[in-house]
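Each of the two complexes below includes chain A, the first together with chain B, the second together with chain C.
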Partner chain A sequence: MSRLTIWVILGVTLTFLIGPFLIVIFAGMSAGEALAFPPQGLSLKWYAKVFTVESFRASFALSLFLAIFGTLAALAIGIPAAYALNRYDLPGAEMIRTIVAAPIIVPGIIVGLALLRYFVVPLDVTITMALFVTHAALVLPYAVRVVSSSLNNLRSDMEEAAVILGCTRFQAFTKVVLPNIRGGILAAFILGFVTSFNEVPASLFLSGPGVRTLPIDMLSYMEITFDPSVAALSALLAFMSVAIVFIAERLLGFSRYV
Partner chain B sequence: MFLNRSEGLALALPAALFTFLVFLVPVGILLSVAFQAEPGVWSLRGYVDFFSQPLNRTVFLRTLKLGILVAGTSAVIGYLAAFCIVNLPATSRGSIFGLVVLPLMISPVARTYAWIVILGRTGIVNDTIVGLGLSNTPIRLLFTETAVFVGLLQLFLPLMIISLVSAMENIPKDVVPAARVLGASWFQVFFRVILPLTKEGLVIGGTLVFTGALTAYITPAILGGSKVLMLETLLYQKVNVSNDFVSASVIAMILIVMCFSANLVLKRIASVRS
Partner chain C sequence: MSDTFVSLTDLTLSYGQTVAVPNLNLDIVEGELIALLGPSGCGKTTTMRAIAGLLTPASGRIMIDGTDVTRTPANKRGIGLVFQSYALFPHLSAFENVAFGLRLQKLSDAQVRAKTEAGMATVGLTGFETRKPAEMSGGQQQRLALARSLVMQPKVLLLDEPLSNLDARLRLEMRNELQRVQKDTGITMVFVTHDQSEALALADRIVLMKDGKIEQLGKPADLYAKPATAFAAEFMGFENIFRVDGTDLVSDTGRLSMGFAAQANMLAWRPSGVSVGAGPHKGRVLASSFAGGHREYVLESPIGQIKADAPIETPEVTLGQEVAFDLPRETARHLVA
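And then the complex of A and B:
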């Protein structure tokens, strides 16, 4: 294949993948009232308006809360599990792996409906709590997988040496293992954060009146209103995700872990 | 490897128990409802009722069709793009690959929303059509199967390209030139050299794209609406519009079975060909 053919094919593919997104960024810059491309005059008013919409602010706060604390909760139980699966000869290790990985395989909308009907309603759990538990469960498989792969690269004789030199097992973990898998944990946190923040199907049934995650709030906003503010908000969120991943890549070579 | 098993179990148990209780148990109960059209009585009535309605059959077949079409198309584009990427000079390869991965970090809502701007009544495509005088009034492009297909393809194509690139990176550099020198056409090179050597990547990519397309909610919801229902949006309607939980559970069961069989079938294909 010639150079030219290669670049034509890649150009077309990348235009298809990224082009629509550039259009959203510009559609959000419209000075007019209706969503259109090319925009009717340029202004940043829709980008500014996004910050004044009360429901967006509330749902952004909720999504941020879920993404941070849901991921932290998943790490809190995921790190010990990953450690146990890597370093111990566990009976039923394969089954534990399958159970923990299950939330990735089952389609999100089914998860949401199942939890609503057979967890939230019977136990009378609040909406926020239900969303928190769901997001933690959805992020857990990623947390276990990423931390596991980072533990795989750490030789276990370092901990054994620490124990022989007088550390307790717990000290060996906090002083030797944790500092060495810091990058993996951070990568797991970022992956979990982005996954949780962008999650829609599982949160769909669980979101109630007034308590919605941001992507779901955007979905219902665009059903009623057809102005460029969702375009502006989409662009802002994309910048946020891309910036987080970009910084992570620069700081710790994020892609090594994922 | 530590031998203290109870200590290990104590470490692994919170995660396993958590997932089991708040995830597997509710999902299990939900799926069991699909077999109880009348509470307490086990039967396949739910399935019979579900498939006896023409709308449900249409939606089922459409979901299957779109899943296969999206997976097939992304395989074709994926092979072309992946072949180009691995043949790039090392300096530009990383950044081009980064651009392919980039969309995966962006919210699917934002990525799907773009197609409203492009395909809407006053979108780019319609403006062009009306501007060129090809039609006097805007054509309905949104809420069609094509719109859903394009949206799904854009959403999941990166997964196929990533799988194929990592498969192709393992092909020795001189294999393709060798085949060409020995007189193979590009067609033969693909089917007799590249395809057999990358089929694992194709299987992984194919499974990811197919199951992704089957279980996507946002794209059919935004681009298909109630005119072009897929199983996921139909499930949502069954629950929120008609309060029909048996049908919802039947759909859930169908989706899970389809995802698992896709895994099995594709694995089977991969092993038969070798």
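And then the complex of A and C:
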């Protein structure tokens, strides 16, 4: 392939990836009253307005809560699960791996519907609780996968060495395994956090009156008000995600794990 | 034996349904350096893991220093194990690697420091305290792993293929190091190897294993000179092994008259025991290579290939040429198949 062709392909790819992002940033900087591109005049007023919308503040807090604690819950289950799958010759391990990966493959809308119909309604759980469980479940596959891949790089004879030196199996795990998969756990946390924070389809089914995650809140805001504040908020969230991944990459070489 | 220190009695070891070691009996004397020698899959590593407590025997008994430890978990056995991969902890410094086991005991910081420093000095790693294992050479990692085991003052030190990951020069150095440490500490050592030269050079006694059973047990010199079976002979460098029929050697391809009767059903010669240039038999030279003090020939004979070493002083025979050779009665080893 000629150099020119390569540059054209690269340019098109980058336009597709970054283009929408740029449009959203500039649409939010509009001085006009309606969401439009190109923006009518330039102003930062919509960026400022985002912070004054009461429902945005509440839904941001909920999304942050779900992203942090949902991911922590997923890790609390995912780390031991990954360890067991990795270290023990379990019967049906392959099937367990497939089941664990299911939420990645099954469309979120089906997961949401199933949970609503067979979990939330019959058990009468609160909306927050339903969202928490759902987000933890959706993040779990990532937790298991990323932690598994760093466990794969850790030789199991290191644990045996620790046991011979006097550790119990549990001590060997906490003193030798955990410190060596720290990077993988952090990577899983960040990936889980971003996945949970951006999740729409399942949350759409489970959100209720007054309790909405931020993306759902943005959707319903747009149904009523069509001003550029949603674009401004989108741009801010995109910046947040980029910043998190950037810092993670700098600190621990995030891309090695994902 | 009264001074038996480690005793394996009727030990059967298995992985699930597969029996790796059936009914093994072995007594190890205090302070000896013993080698478990054999090809891969012979059960040597399995036996070592059972002594360490990493594998629970299906049946049988393991006694160490007069105590039955068959059911004692690995972390309470007081045994050291140097892994083939070293299994150093990558997140800890060299110092903390050595101190790891000591910190699990109820010792003061000062005691831990003193013992760790002494341990690192024993293996010549003073000054490397702050290095991470990844920043050390293979030989240094090996010695670090050794120090980490030694500071625990184990009753028995097990070593899994201790020299296999080192290059030739380091191998020699580490071999001397192990012998010195063993002499200084008087610790009972059991090491596993597939390399007979390593076992011969290092061990006080060699346990030659095959298919989970002890094929032969003895001092290196005895095993080298008097292998009892064809398997042992092959392992000890008798590269020419043939079946005997009356006064003939026989193989699938033919027979060769020896002119003397064997005391067993097999005869074996080392390449150095075959004479080239004179003798009743004829062979064609298939390969010839210079090896310093001697020349190594591969001869084609009626009973198959014969490996022969000829002193460098004897005239060279070129490839493809016929040469007389002899399988002398004096250098023959009589074997039972």
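One rule holds for everything that comes next: the second predicted complex is superposed on the first by the 258 of 258 C-alpha atoms of A that agree within 3 Å, B and C clash if a C-alpha of one lies under 4 Å from a C-alpha of the other, contacts with A are read in each partner's own complex, and residues count from 1 in each chain.
Keep this in mind: a contact is a pair of C-beta atoms (placed from the backbone, for glycine too) under 8 Å apart; a residue touches a chain by one contact, two chains touch by 3 or more.
Fair warning: this is a prediction, and the values are worked out from it, not measured in the lab.
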| item | value |
| --- | --- |
| Clash or fit (per the criteria above) of chain B with chain C on chain A | fit |
| Partner chain(s) touched by A:I127 [first = chain B, second = chain C, both, neither] | neither |
| Partner chain(s) touched by A:L165 [first = chain B, second = chain C, both, neither] | second |
| Superposed model, chain A: greater residue contact from chain B or chain C | B |
| Contacts of A:L115 with chain B and chain C, given as first, second, both or neither | first |
| Partner chain(s) touched by A:F205 [first = chain B, second = chain C, both, neither] | first |
| Which superposed partner A:D157 touches (first chain B, second chain C, both, neither) | second |
| Chain B versus chain C as contact partner of A:V177, first or second or both or neither | neither |
| Smallest separation of CA atoms, chain C relative to chain B, angstrom | 8 |
| Common interface positions of chain A, toward chain B and toward chain C | none |
| Chain A - residues contacting chain C, complex | 155, 157-158, 160-168, 171, 175-176, 179-180 |
| Residues on chain C engaged by chain A in the complex (per definition of touch) | 52-54, 73-77, 79-81, 83, 85, 87-91, 100-101, 104-105, 148-149, 152 |
| Residue ranges of chain A touching chain B (in the complex, touch as defined) | 1, 5-7, 9-10, 13-14, 16-18, 20-21, 23-24, 27, 34-37, 77-78, 80-81, 83-85, 87-91, 93, 96, 99-100, 102-103, 105-111, 113-115, 117-119, 133-134, 136-137, 140, 144, 156, 169, 194, 197-198, 200-201, 204-205, 215, 218-219, 222, 230-231, 234-235, 237-238, 241-242, 245 |
| Of all residues in chain B, those that touch chain A in their complex | 1-5, 7-9, 11-12, 14-16, 18-20, 22-27, 29-30, 77, 80-81, 83-85, 87-88, 96, 99-100, 102-103, 105-111, 113-118, 120, 122-124, 154, 157-158, 161, 214-215, 217-218, 221-222, 232, 235-236, 239, 245, 248, 252, 255-256, 259-260 |
